[in-house]
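Across the two complexes that follow, chain A remains constant while its partner is chain B and subsequently chain C.
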Partner chain A sequence: MEIHSSDSNDRSVIETLVKENLSYFQYWTDVQLEDKALSWRGTDLRLVSGIPPNKLSNDDSEIQREYILPVNMTQHKEEFITLECLDLVFEKLCNKDTRRIILGIVNSDGTIVFYSIYNGIHKPKKN
Partner chain B sequence: MGNSSLICIRLIVNDLNDDESTVCPMVFSVDDVLKLRKLGICGILSGTLPTATQQNIFLSIPLKLMVEETIWLVLHGYAKLDLIKGPMSRHFNSILESKSDQLWEISRKKLLQSFELQREYKKEQHELKLKQLGLEQSKNDVSATSSSNDNNKFIESSLFVETSNVSSILDYSVDEKREITKSSTSTDLLHYLITNYSTWNNYLLYQSLKEQSYVMLPGGRFGGLYIAYPGDPLRYHSHLTIDSALDYYNDPIDFISLTSGARLGTAVKKLWVIGGVKENKNHTMNETINVEDSGLHSLKLGTITTSFFSIEWAGFG
Partner chain C sequence: MAKHNSRLNNVRYKYPLPIHPVETTLPLPELLPHNPFSWIYWFYKYYRLVYSNNEDNLLETKITIDVIGGDSFPHIMVRDKNDMLYLWENGFFGTGTLSRSEPTWYTRMNQIVNGDITLNTGDINELEQITRRRRLERLEFKKLREKLQMELLELKKQSALSGSDIDSNGGLDETESLKRINDLLLKQREQLRDFKALQESYNKQNIGIHDNVMDNLKFDYESLLDENGDLLSLESLELMPVEATFLSFALPVLNITPRELFRKILPNNDNSSYDTVHSFIIHYVAYHFYRSHGWCVRSGIKFGCDYLLYKRGPPFHHAEFCINVMDNDPLYYRSNKNMHDYTWYSRISRVIGGAKKTLILSYVTRQTTKKQIMEWWIKGQYHKVFNSYEISEIIYKRWVPGRNRD
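Let's turn to the complex of A and B:
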């Protein structure tokens, strides 16, 4: 626990950054922090959710609520997010029919990049 | 499955324990290349034609295979491994010196035989044509024989020299240099290939994708380990770039490699796929490969659980 004592602060910082980025830069609405938490290596992982201004994939029938997992770009060095962790996020923090979450990767320079992660093997979206 | 129908994968080595030699599984027979294609294994053609060395679009045999493809083929009983002791240049020189007369005789006979077949065929075609035109010639006609002499000259000048698809020297080299094959079993070779050129988990990912009927090619062009096609690469666009296997429980996901792989992938309509082996009870490298050796290669794949995630740029940010 001692090693990760700073992580709980980190989480709330990057969660806020992702929420604000979505609301003010990407024009998402109803952005909120989900209640469900997953205890992972001494920290509680929570998803951020919100409604995007348009469909994220042409394969979607309509705009739907999207779920974002905020992570720090540097976290991979601390053996933080593993495949097991992603499986647990899909299992514990998502509904059964959730096929994708979005990874919000926070960089130290203030930029945030967003990547869709599909559970299992998936086809590329139609253009 | 009869031994004769096995695909022959050849490895050229100086010495297995020699760090300098690079071992690459290769297939030298066009028939085997066809069989492989039907199994969904494409490999990379790497041979240039001796008469057209400048051209590099239409390459020929040998077909280079990935290590994972080789292991899959051997473990599933489709192929056998065959060692050729290198270096090949010196080796071929000695064969040419000792067997040149014999080889020349064989190739001359083949050439004459092919000429004879072509002559017969052309004569037949010619006669058929005459018959259709109603100009059937009687064999006793004197003027007809002189014109058929002219015909024969034309035929001679239109004969084709056929270039063989298969090396006739290679068979000699295999016959003569069996000693390595005897001392090292295919188990040793598979171990050698996997430890030097790949990992067992990469192989299990390959196998798992293969079971989902994907066709894999090397993925270096797109920054991954494989690219995967939903069918034959000539018919489909590849959907996936697959990254090297991660340890399911311990390897952290590298976000730098993830973002670069997925961003490039999105630009070329591919998803970036990361995966790892969750559980491989009874499927460690040693157990699986040794099981094959005792002739009981029943890969019960239900016990291997792999976990894949497909990633693409979300379209914003």
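Let's turn to the complex of A and C:
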């Protein structure tokens, strides 16, 4: 895959879109870009973190800080995020006790969708 | 609700597209039935208004877009509040980045900041309020269901215990405890049904339900205000690449030429090979095709397809059809990566069938050589490029012998 010189700039755009969506549309608080970065296929991946207004799963004991990995839909389709990549994200960008991250997939039609990814096997959430 | 608003909607969404050749310009001259000269003059004026490219036909000022994210992840944004509204009201172009579809963030937030409404009351007709309400209702329902399930579990435990003790202290026998469990189950079902009915009746009367989550919300409104205490306009309207192309190539609405636009949204456009533009071309051809047949075409990502077709637009009806753009090039299909197997078709058709929509596979066929296309593309003769594709459709529908007999 060819790496564009403006890649880091392009990446910061989707990070900003995810941050704005969480802060102003989903009413998350204290949304920030994490410092730790990970180089994956020539791109620096960073997580966005924030505190949601309610528990994201019934299995959580309390509201906790959540970590979001912003991805562009085109990347998602190209299978940019592989198992290996997720392992690295859990290993290098998260704390030891982080159970899940959230994939924030930014589409080109103005929408962002969020999916949780758990580290290892996880009991299905109680509905 | 739809009925109630339909008259207002008819006024607000009067125009199907952002250009209104006859209406915006000077009125047509008077037509005098007994005077043939007035007819000729009328037709002359009409022709000039509708068919010629004179300046009267254009918007007063074209709409400016801002392309962010470079050519690797292009996102096409309209920032001006009036432009955003104009594009939404005239053909439903774009999506508000902080709203479900219509860019309503500013209005919603302004009401909250001014204290007119809180997050859980307010105009119940706004889409975002409806979503919030439904989520809360489901949450309450699930809480009740969980409570009842615990009760049932408790009874089952008890009867299991007493069942094992039958001999010693002569407790309930098995049939008796089974009957009790069944009775409770029936009672609970009834209770849940009643609860649902109650929620629905509240819904009809527009009675708000209490939202603890939103009460506890520590949302920092101050950061949203400028130095004068006015709400900042943080929302943009995002246009899909095909929408922006339509508004630049097909209609003179955006303040950008198609060539400039493509340079910004397609990778390496200057020395592009056919493969880099192919996917974009077939998707645009399909978009243009349905738009020019009068459909309102919007993104179909929610249902895992390319486009949704609305008869008029989202406020009027649900979308009836889902379009998936298919490449009709046999060479393309021969490569394994692009092959769709049965599960692919099954998956998409079950999702769309579940939403009570019809899946249409829209096959786009190239009518000329790749070399010819690229010659035109590089010269900027995009009408020739897009004209060299043909579309044919197939409806894909699950057929169940038992159910579809009559």
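Everything that follows uses one rule, which is that the second predicted complex is superposed on the first by the 119 of 127 C-alpha atoms of A that agree within 3 Å, B and C clash if a C-alpha of one lies under 4 Å from a C-alpha of the other, contacts with A are read in each partner's own complex, and residues count from 1 in each chain.
The rule we apply is simple: a residue touches a chain if its C-beta (ideal position, glycine included) is under 8 Å from a C-beta of that chain, and two chains touch if they have at least 3 such contacts.
It should be emphasised that the depicted structure is a prediction, and the values quoted were computed from it without experimental measurement.
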item: Comparing the two partners chain B and chain C, which touches a greater set of residues in chain A; value: B
item: Which of chain B and chain C A:T29 touches, first, second, both or neither; value: second
item: First (chain B), second (chain C), both or neither touched by A:G110; value: second
item: Touching partner for A:Q64 - first (chain B), second (chain C), both, neither; value: neither
item: Which of chain B and chain C A:D10 touches, first, second, both or neither; value: second
item: Contacts of A:S39 with chain B and chain C, given as first, second, both or neither; value: neither
item: Partner chain(s) touched by A:E20 [first = chain B, second = chain C, both, neither]; value: second
item: Touching both chain C and chain B, counted on chain A across the two superposed complexes; value: 21, 25, 73, 75, 111, 113, 127
item: Interfacial residue positions of chain B with respect to chain A in the complex; value: 209, 212, 239-240, 246-256, 258-259, 262, 266, 269-271, 273-276, 278, 307-317
item: Partner chain B, residues of chain A touching it in the complex; value: 21, 25-26, 56-57, 71, 73, 75-84, 86-87, 102-105, 111-125, 127
item: Chain C partner contacts - residues on chain A that touch it in the complex; value: 4, 6-7, 9-10, 13-14, 17, 20-21, 24-25, 27, 29, 53-54, 58, 72-75, 106-111, 113, 126-127
item: Residue ranges of chain C in contact with chain A within the complex; value: 68-76, 94-99, 105, 109, 119, 142, 146, 213-214, 216-220, 224, 234-235, 237-241, 267, 298-299, 301-302
